[in-house]
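Okay, here's the structure, questions in a sec.
A, B, C and D label the chains in the order they appear, each numbered from 1.
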Amino acid sequence: MPKTIVGVMGPGEGATPEDLINAEELGKRIAAAGWLLLTGGRDEGVMDAAAKGAKAAGGETIGILPTKGPGSTSTHIDIAIYTDLGQGRNSVNVLTSNAVVAVGMGPGTASEVSLALKSGKPVVMMTADKEAVAFFSKLGGPLVTVAADVAAAAAALKKTLE
Amino acid sequence: MPKTIVGVMGPGEGATPEDLINAEELGKRIAAAGWLLLTGGRDEGVMDAAAKGAKAAGGETIGILPTKGPGSTSTHIDIAIYTDLGQGRNSVNVLTSNAVVAVGMGPGTASEVSLALKSGKPVVMMTADKEAVAFFSKLGGPLVTVAADVAAAAAALKKTLE
Amino acid sequence: MPKTIVGVMGPGEGATPEDLINAEELGKRIAAAGWLLLTGGRDEGVMDAAAKGAKAAGGETIGILPTKGPGSTSTHIDIAIYTDLGQGRNSVNVLTSNAVVAVGMGPGTASEVSLALKSGKPVVMMTADKEAVAFFSKLGGPLVTVAADVAAAAAALKKTLE
Amino acid sequence: MPKTIVGVMGPGEGATPEDLINAEELGKRIAAAGWLLLTGGRDEGVMDAAAKGAKAAGGETIGILPTKGPGSTSTHIDIAIYTDLGQGRNSVNVLTSNAVVAVGMGPGTASEVSLALKSGKPVVMMTADKEAVAFFSKLGGPLVTVAADVAAAAAALKKTLE
């Protein structure tokens, strides 16, 4: 039977140092909980940091790449899904995840949170962007949980997925 | 040479009466300016109203459908592009548009505005949703214009496209 | 209501001189019949030749591009649909066409004929590739018509679409 | 680093009893070689049989589904990638596979073999369809290997991937 998959979405080159620390720690927690980690697969930003954390904790990682591959694939990805769909792959990211965590914010991440809500997927947000929190909390209602730190994000995932 | 295309995005069943009036009037203005109108193609909400307006003013309409077709296609669509991509088609909507207008707000619309900004496309927003305006104005910076009414939206398009 | 669309598929750089002559003449016939022409949109091979023919006869042309655009778009395309889906756009090509004509043969064209048959779309084949004719005739049964020349292809389209 | 993935493609409901036996045995061989198995993910035909074989031999299985999920997913799939792309997902199947095996033949399978050749991927064919063998051998040249039985298919994969 299919395993539980948690998607961690966030900026590539636009990620802040805090985003990277949070993503790596979150990757560890996801692996420790026995879930698979899914990211956008590239070797940058939140995607790369989350995958690094999951591997450090002995987890398994899936990357849904926008390209034909294999360039720009994170070295921390076990299963590289090459889509050649560009940003069209963002829809695949969220449909494949049982829950989505957004670490940081940017246009690509915003599209993924939006698509997750469109599909009725639970979303956990970790970001200092107050406007993003206000907008998506209103847009998603009970589907959205705002987490102040990684422990809160992990707790929200456990509550949703178990 | 390819013609100029303006995409009008907005909710289907979640559209407000004001959204529908704005979308229809905007469709007329787009046709009158000699631009092609692009929508998500379905027979509902902002998509249907904008296409109705464009046809009333003698324009040409393109619908990018999420389905295999032809069910649920607006009767006001001239060129129906059937993608069977589900919400993955939202990326096609914005990449094909030279500029995007968001009339109203919802999860699908939010994904389209986000993807438009990700691709560097100009976006005009017409919505009473203050949180959406605050979030996307910050996210998109100079790419985003907030229009108080249809005349302002049409003026913003002219400034961008001509 | 949506207009009738005929898709003309065929090789880009691998097209033979005969393929190009056939594609251009077929584009003229499609326009003369009042149908819209759809191609893969690029400025090469069968795609470009068919669009050139359709424009010469006063028709309207749609290109479904694999890219974000606008580079490599045929100058004979009126409506450029930018998908950024790579070869994933081949599925859009056939779902959007009411009938498909394959002029010449190659791997991309073979995928489009296959997808057309998968979707139950009528296919007309114009190719000197005997193995292709034998394979697709068997695979598609009554959906496939083999045309010896452009006149026969146009007649097969008329029979199917009118 | 990403693991090696072998895609097994073939008909769903149109699979023959021989196709099913071959697919299941091939799934076992792929798992025994330490490769991941990729299929179209559904609970039918070659897709289901190959995944069943791989799991029986202790392997790991990936399914690239055409749907939003989770209905129709094979119980033998570990990692279910939900694309909602319809047949557009066929491109993802082949781009993600390091090599593709076609067991049996049908329109969907033909599109996958075609797309694999378009992307320069090695293809192994196991089918009694002589026209398919003749066509794809000509189309793909050295990329295509025709295997008389599962042992020959496994040997061809080893030669290609190791």
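The rule is simple: a contact is a pair of C-beta atoms (placed from the backbone, for glycine too) under 8 Å apart; a residue touches a chain by one contact, two chains touch by 3 or more.
Because the structure is a prediction, the values reported are computed rather than measured.
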Selected pair, greater C-beta contact count between C-D and B-C: C-D
Distance between chain centroids, defined by C-alpha means - subunit A, subunit C (Å): 40
Separation of mean Cα positions, subunit D and subunit C [Å, integer]: 28
For subunit B, residues contacting two or more additional chains: 68, 83-88, 91-92, 119
Category of the chain touch graph - line, ring, star, complete, other: complete
Residue numbers on subunit D that touch subunit C, as the complex places them: 85-88, 90-92, 95, 105-108, 110-111, 114-115, 117-119, 129, 131-132, 134-136, 138-140
Touch list for subunit C against partner subunit B, complex: 1-3, 5, 36, 62-64, 68-70, 73, 75, 77-85, 91-92, 95-96, 119
Interface residues, subunit B side, partner subunit D - complex: 68, 83-88
